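As structure tokens, here come the structures.
The same chain A turns up in both complexes below, where it pairs with chain B and then with chain C.
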Partner chain A sequence: MILDLHLHSELSDDSRAPVEAYLKVLQRKRAERPLDGIVLTEHRQFDPARDYRALEDRYGFLILNAAEVETDYGHVLVYGVNPDILARFDFSDVRLSAQALVTDVARLGGIALPCHPGRATVGLCDHYQRKPPLEGVVAVEALNGGSKKGEEARVEELVQRLGYKAYGGSDSHLVSFVGVCATEFDAPIRSMDDLVAQLRDGRYRPVDFRAR
Partner chain B sequence: MPERLRFDDVEEGDELSARSFFLSKDQVRAYARAGGQWSPRFTDDEGARREGLPGMITPGNMSMGILASFLEAWAGPGTLRRLGTTFRGLVLPDRTIRLCAAVTQKDDASRSVELDVWLEGEEAERLVIGTATVALA
Partner chain C sequence: MPLALDPAIIGREFDRTVEGPVTADELVAFARALGETRPEYTEAGPALVAHPTYCVRFRGGRFYPEELLKLIDVRSGFDAGKDIQLGAPVRPGDTIEVRSTVHEVYEKTGRTGSMVFVVIRYTLSNQRGEMLAIVDNRFMHR
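Right, the complex of A and B next:
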């Protein structure tokens, strides 16, 4: 089961990509990007009312909702967002405590995973040079479709040193790049509950479909 | 009058032929001076370094202009209706850049298309990304 765990639609302030257009690209490029679904991670927001079931039925892809938030250790993806998590954290706050996020999201039934950790300023690696490592981090985004030269090497070192699991996502803001990096799971995933359970305890790995 | 690309000849998923060219410092200086952008960051390596930059950089509006002319070379002059970009990295001159675009949506009512458009550096890193609306014949 292969999912793109990190992408933004037109609901994010820096993207104009309609969800349906993402699905059309995945349909057209199935041979080179054999994905089963996507997880939308809009910036600093989560709308529980979003419902993509009609698109799921029409295109045959799993579509899940998560969020990308901003913390004192850089950007973090939050999966399994529920009313308790939304009551505990204001996702629009750009200075959330990463430690509180990782700890409390797990306690409340979700999982918070740092993304693009190799990126300057907004990535975990930079923050770890000045601050102690976070407790309870399960995995980091080892492949990000928007990474620049050198970022992935920094993340590889981080994963080796701290024993994190690794996942991948396209971080696409443009339709064309959906699924260029993704995560392959050994177990099937049919819901956000399945995804959270697999990210915590399952077996998975980042996969790279970027053209070389 | 140059011909416009026809709406019916374009499909969602079409990828424009990428265009690569060497962007020289002289080109960037000429653009900056013509636009009254006299900041050293656009004209002088030493001055740019004093601002904490690795060397002189390309003005954002020049990158947008390059992308705009790339799109109009494909679709025909006067066809670009909208171009929005995000600047992800510094566009440093004295290097080869690559311009890319793909058609993502067609709108029958307006006979226009939406495109993803981006400018890559020598390591294929996307330095400028954006979307555009182009009206076709």
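Right, the complex of A and C next:
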């Protein structure tokens, strides 16, 4: 099962990509990017009312909702967002405590995973040079479709040193980038609960579909 | 430092300016400057209308409300894009009323550090009260 765990639609301030357009690209590029679904991670927000079941039925892809939030250790993806998590954290706050996020999201039934950790300023690697490592981090985004030269090497070193699991996502803001990086799971995933369980305890790895 | 912004500022009109009347020469010159060749935008006459992007030249009389100018250094920013909802076309002879409101203010972080985004909504209407365009103009500040 292959999912793009990190992408943005037109609901994010810096993307103009309609969700349906992502699905059309994935349908057309199935041979190059054999994905089974996408996880929308809009910036600093989560709308529990979003419902993509009609698009799932029409295109045959799994579509899940998560969020990308901003913390004192950089950007973090939050999966399994629920009312308790939304009551505990103001996702629009760009100064969230990463430690509180990782700890409390896990306690409240979700999982918070740092993304693009090799990126300057908003990635974990930069912050780990000045501050102690976070406790309770399960995995980091080892492949990110928006990475610049050298950023993935920094993450590889981080993963080796601290024993984190690795996942991948396209971080697509443009329709054509969907699925260029993704995560392959050994177990099937049919819901956000499945995804959270697999991200915590399952077997998965980042996969790279970028053109060489 | 979090931006100490009174949320009451959001949605409040801070400027109302009337410009025009728009001339046929202006509309033709604007369209030609874009490289446009279609006659409805480039040939004076009863069928002439403004090119759809003509609406972005109207920005009212004040850049930001006073409350925002106290919080943001407008010299350290740039235009970060526009969303335009088009209404009735602009025609020669129209006067354009521009109403300005603060639509959104938010912070984000990126590779280069912290940024504040201000979205000013310009609502344009003509002398007949028809909505011509709603332009959400995004500015980024350090």
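FYI, the second predicted complex is superposed on the first by the 212 of 212 C-alpha atoms of A that agree within 3 Å, B and C clash if a C-alpha of one lies under 4 Å from a C-alpha of the other, contacts with A are read in each partner's own complex, and residues count from 1 in each chain.
As a convention for this text, contacts are C-beta pairs under 8 Å (C-beta built on N, C-alpha and C of every residue); 3 or more make two chains touch, one makes a residue touch a chain.
Here the structure is a predicted model, which means the values were calculated and not measured.
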Per the contact definition in the header, classify A:D201: touching chain B only (first), chain C only (second), both, or neither. neither
Applying the document's definition of touch, where does A:H173 land relative to chain B and chain C: first, second, both, or neither? first
Just chain B (first), just chain C (second), both, or neither: which does A:E32 touch? neither
Between chain B and chain C, whom does A:H75 touch in the aligned arrangement: first, second, both, or neither? second
If we overlay the two complexes on their shared chain A, which of chain B and chain C does A:A21 touch? Say first, second, both or neither. first
With the two structures laid over each other on chain A, which partner does A:E157 touch: chain B (first), chain C (second), both, or neither? neither
Chain A residues touched by both chain B and chain C? none
Chain C residues within the chain A interface of the complex: 2, 106-114, 117, 138
Inside the complex, what are the residues of chain A that reach chain B? 14, 16-18, 21, 24-25, 28, 146, 148-149, 173-177
Contact residues on chain B for chain A in the complex? 12-13, 84, 86, 88-89, 102, 104-105, 114, 116, 118, 123, 125-126, 129-131
Mind pulling up the chain A residues that touch chain C in the complex? 13, 43-44, 70, 74-75, 92, 94-95, 119-122
